[in-house]
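The following pair of complexes shares a single chain, subunit A, combined with subunit B in the former and subunit C in the latter.
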Partner chain A sequence: MSSSPLLGQVEPLKTRMHAEFSSDPTWLLERRSAALDRYLDAPLPSRPRTPLRNRRLDEVPVFDAEPVLHSSVWKDLEPESSRLSLSGAAVMEASLSAEAKQKGLVFTDLRSALSSHEHIIKPHLDRSLAAEAGKFDALNQAWWQNGAFIYVPRHVHLAVPLTVVHHQSPEQSGFFPRTLIIMEEESELSLVDLYMQSGTGDPVRCIASILVQAVLGPSAVLRYGSIEELSPSTEAFVHRTANLEADAEAHWNVGTFGSALEISSQNTYLRHSGSQNHSVSVFFGSAHQHYDLEVQSVHQGTHTKSNIVGKGVMKGRARSVFTGVTDIKHGAVGTDARQKEQTLMLSDQARADAIPSLLIEENDVFAAHSASAGPVDRNAIYYLMSRGMTEREAVEMIVEGFLAPVIDSISLDDIRRRVWAAVREKVQE
Partner chain B sequence: MTASILTIEDLHVSVEGKEILKGVSLTIRGNEVHAVMGPNGTGKTSLAQTLMGHPRYTVTKGRITLDGQDLLAMRTDQRARAGLFLAMQYPSEISGVTTANFLRTAINARRGEGTAIGLKEFRDRLDQTMDQLNMDHKFANRYLNEGFSGGEKKRNEILQMLLLDPRIAVLDEIDSGLDIDAVRIVAEAVQAKVSPAFGALIITHYQRILTYLQPGFVHIMVDGRIVRSGDYQLAQELDDKGYDWVRQASITGGV
Partner chain C sequence: MAVKQPLVSSDYAYGFNDGDVSVLKFGQGLTRQTVEDISRIKQEPKWMLDYRLHALDVFWKKPMPRWGANLDALNFDKIIYYVKPSENQGRTWDEVPQTIKDTFERLGIPEAERKFLAGVSAQYESEVVYHSIHKDLAEKGILFTDTDSALREHPELVREYFGTIIPAEDNKFAALNTAVWSGGSFVYIPKGVSSPIPLQAYFRINSQNMGQFERTLIIADEGSFGHYVEGCTAPVYASESLHSAVVEIIVKADARMRYTTVQNWAPNVYNLVTKRAVAYRDATMEWVDGNIGSKATMKYPSVYLLEPGARGMVLSIAVAGKNQHQDTGAKMIHAAPHTTSTVLSKSISQHGGKTTYRGLVHFAPDAEGAKSNVKCDTLIMDELSTSDTVPYSEVGNASGEMEHEATVTKVSEEQLFYLTSRGLSEEEATRLIVMGFIEPFTRELPMEFAVEMNRLIKFEMEGAIG
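Right after this comes the complex of A and B.
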């Protein structure tokens, strides 16, 4: 285990993968092999403002140590009635409320679900990614060790959110978690999906590829909240995708605070009439962090709605690009698509771009966007200081005020609380 | 409580290398209301902002003390906590921060650690003070100055002054943007506040607010200097004769 192949070493990677996943079902192992080939062949993700070539990502080991489990991580979590905690392939904790069990909801780790629910997983596991799967999606598809699987049957509504914790200790070099959500007609789910690299070890350079897939049946409602608190030496690729049937609603609430680099895509396909995408992203970069975040709504059905909100703060020498993409296909009449991006820069060395992108093939639609990125108002800081607040308190107040309308709109209590805590930690950093 | 005293001695101030204040001296004590009048661009706002410590203004010479403490050695927030207040001509808008939340934070900053105001006491004082200023209570829950009219912002400045309980308040053009009733309300609020522990410096173009306040001391500023000082009569004289009169006087050196 100690000699791990690097991400650029073709033959050792293949050998290691077959050894690592030899007990998988044949179909899965074949998919892993194919994914590894795609990973090796595919070009680096193309983001004009985030050049990747010089990062030498292929020199990072795919796995370099056995998972090290830190009990302290789990102690910080409040007791929940429905929670799944994963660390590498290991399930640290799995609980589901009696109410949810009784309603037929499935909430388990992907590896267990492979045997218990193979017929559901097999057709969905990689299908919804096909259209835009890139190099690092393929890396996850080849190497994922475990993940979360949630299946909500028809007409099942769950009052209490489910929580998934994907954890890895920072001395490991590859992090490939995934979450698969399948919702049947008229079901309703709130999910808190947490990504953490915490522990006592010295962080090593790590490549993370996170995959989240949601499939929403007619009139299904998903409230999804996620916080990424990855290690400062992690370079992360995050891909979330949802496919919506008629009148389904996806509510995304994502907070990005950690990692050295994050490249993310969130693609929501409003395939059928009346479906809706409400997406909120909050991000806060400091030091040399670099975020390149893209949120896309694809309108295919008629009378679909989307609202993309991205709000971020950059300090130190941090750099962000936030791109909202509204993609209205021919025939998507009656579309209502809105987006708003705002970034606040707290230092002269920070950089932020907010880029709205509208691709419209249909006439009978409403599409609106606004984007701004600007420095913190020095006069506002002075004004608050003239009322007795220190410069730091003044900046904190301005930042909190800037983010408050967006964070306070998050309906998942746990996510809202965690986003506020992460923001306060960042602003005081 | 000891009487307040703000002392400005031979103050010279530059902005981007250009001298704006050319030797200003003033003393404001508790129980006193002073007015500084003068034409536009003459240095009145520069004086106010220099007192508060705006980073744009560089003091090249002179001294300022508040109750004996060296103000120029303090940051803006320290000056505020020492008891100086500036009602600004153009208050900033702070999005996402309610006026009430801001006021409570500011009161606690002024009070210092361990003496935070209780929520009930704060609410009561806020309601009373808003009533005194004839302000709609809904302003407390609106974001600070965001979307406020000019007059609403000015009332909000006075609300802050009353709640923060400063020892010396400088009011920069507090009367601009206010209708006649509001000018009276603001003037009455300042007048009611005057005590040995509170003195005020009113900066204005117009005589109107002074008819309510009847300041004991009136100073006329032209080209970065105080060219004339007197009592309330001087303001009335200025109103009759206009600024050209003092301009002439300052050029010929007759003060």
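Right after this comes the complex of A and C.
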């Protein structure tokens, strides 16, 4: 399949898409086709601090190799009772605890769910994205091969977290994972998305577009974790969105460690009273990595709450932009909205920008933000070295101390462990 | 319960006008001819005319800013670019026309002048009409004059610095100012000299539709100290006016300069101002900036900290009332090691007004050990009003320390309850809370300004609450 069309080649792309997805239901194929048109028409995402024009993103082939599956990829995963592992379109592993099955929870790959739960998927699949869908959302909507689908019925609480592994072999050039979460009233779910490109092949330049959509019914509680550890030759576009009914809660724990470039948006809509958004983003940039991360909380209902935390460590020649947006609409009385952004700078060649913005149309609110950036405390290093540590060990300890308050607050054991592992790997890099 | 009434009354306190006394007034609109005429009337050297014409091309080429305040209603063809009120500049108070004196009387200038303020340079419309330099200043070698006179009397100084801090290419409105500038103040403080008194200038737009494009250039030579004070009021007119000033300040090694503005433009004035200072080794630049009036303000006083040890400060308040948008902030560019900056911003929006804090702190890669602290607080007085806080921070090295915090709240009900339980009326209690909120700003004003400021806030609240 070396003749894969490039992302900028209009007619070959269309032909290839129809061939690739000819077995899809008609409605889906129509949507893919419309999404492809949107992708081709839409301008590049507008991030003033991350110019994309010169990256020639349209010269990347959409798929240029058959996936090569390596069983060794799964070795580091611990045995779990509820896990879905996807590699390209293929389902490598799908297990769900008997307890969950019995409660009526659906945890399956999106492609199978198309036949088993079409009536749920069809209305939700693209709807919640409509408001702010950009070029690369459309790219995913056109080309997604498979993904995860989770449906939690009313009053179902699941104690054990579900894990989704979105894997792709590194010699493939397009990666379009997606996750769709539908939660009914008073349900509770913990879910972890892991994004990885590992294997024995030589990595090629890859465009990844990742979509995560969550729909939370009244009083539903979602604990969501994700870790991005994509290959250093990948440029990733990530969009997470959640719509919350009254008294629902979204808890985001997102770790960004991989890829050459990541542009992300996370939009949480608190349209109904009493809903809450708690977001923790941890990022660690090294070498020439460039992260432009945006976390937005939109308050429309009354007495809603949000807390956005961004915590980053920058080394090498890495560059980060962290934008928090607290958007309080007129009528959202009693809103309590907070933001906190902190960056630890380990290198003079690194650069970190923070834009913690508050957009407020209502007076009966409390809104606050704080941001800080600074170096490793030299006195602390001196102290630790006087206690027999090497400078390197001292720096590692200080980085861990800096991140500990946010990482240790992550309630999902698995994601917390993985974030720590990723941080240690980055520190020692 | 929240106080719903506006803080600033819609009746504009200083909205009187005393007829049109202009002697020479251009028609509306801007052409190459306009710029050539302005330069010819002022008998400027050729380099200035060339610079103006170059700036005019830049102005025409630059697009309108698509961020910040809404400028859609601003029509460059409906603005008069130059008005000269009288043939000669008044040398003494007696020579100043009576109508103008009456205006100053109401603004409180004569008292200030008679008492102890020597360096009063009062700008009435586009030319300085009254201007005196106290003996003390002259003896110390301090130059304090309008910029037009400075171009005639100190051409070498003006040419050396003019447009070096804010070139015409900087932004559309800086280009416009450079093309049609008129008036403004020129200050030079020699090495090691401290100005014994604040240097004051009152600016005032009088004619309907008249743009005011003053150009201020301040040079504080090594080890000197100065405090420049600017205050503005303008009468109410039905159609839009434009005020687009450029202020350039050079603070050399070990010098300290403070620039204080209390700005209270009429609610139909577009106030689009570029203010920037450069601070050299161990120098200190302080902007104290109050924005109370105008239809829309876009103003971000900046300090470029160019050499080690330079310090920058911005202390500002913004009050936005009905149909007003104060889009203000501060920029601190740390370009050298061990530079420090502080920004304290207080905003109040009420009666449907909008305040925006838009700021930037930048640490360049070699600004090692730079420190910056930014704090923004906003009070939203009623449910019609809005506020945005958009601080940008750019950290480009591993030894700088940047801190930013901001809060947005309404007037605290607990505080109101406490104060009313002590026998204050709700109106008095609200005023007290607001005064306390902006106190960090008023405390830094020269005494007569602080008094005027307090009077203004009090008067406006009295007109509105209860």
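Everything that follows uses one rule, which is that the second predicted complex is superposed on the first by the 428 of 429 C-alpha atoms of A that agree within 3 Å, B and C clash if a C-alpha of one lies under 4 Å from a C-alpha of the other, contacts with A are read in each partner's own complex, and residues count from 1 in each chain.
Definition applied: a contact is a pair of C-beta atoms (placed from the backbone, for glycine too) under 8 Å apart; a residue touches a chain by one contact, two chains touch by 3 or more.
Not measured: the values here are computed from a predicted model.
Once the two complexes are laid over each other on the shared chain, residue contacts for A:401 go to subunit B alone; subunit C is not touched. By the touch criterion defined above, A:386 lies against subunit B but remains apart from subunit C after alignment on the C-alpha atoms of chain A.
When the two structures are aligned on the shared chain, A:368 is found in touch with subunit C, with no touch to subunit B.
Considering which of subunit B and subunit C touches more of subunit A, the answer is C.
Of the two partner chains, subunit C is the only one that A:355 touches; subunit B does not reach it. In the superposition on chain A, no contact is made by A:120 with either subunit B or subunit C. Once the two complexes are laid over each other on the shared chain, residue contacts for A:330 go to subunit C alone; subunit B is not touched. By the touch criterion defined above, A:345 lies against subunit C but remains apart from subunit B after alignment on the C-alpha atoms of chain A. For subunit A in complex with subunit C, the residues that touch the partner chain are 330, 343, 345-376. Here subunit B touches subunit A in the complex through residues 52-55, 75-77, 79-81, 85-86, 88, 91-97, 102, 105-106, 109-110, 143-144, 160, 164, going by the rule given at the top. Against subunit B, in their complex, subunit A makes its touches with residues 377-380, 382-391, 393-394, 397-398, 400-405. On subunit C, the positions that touch subunit A within their shared complex are 2, 365, 368, 378, 380-383, 385-410.
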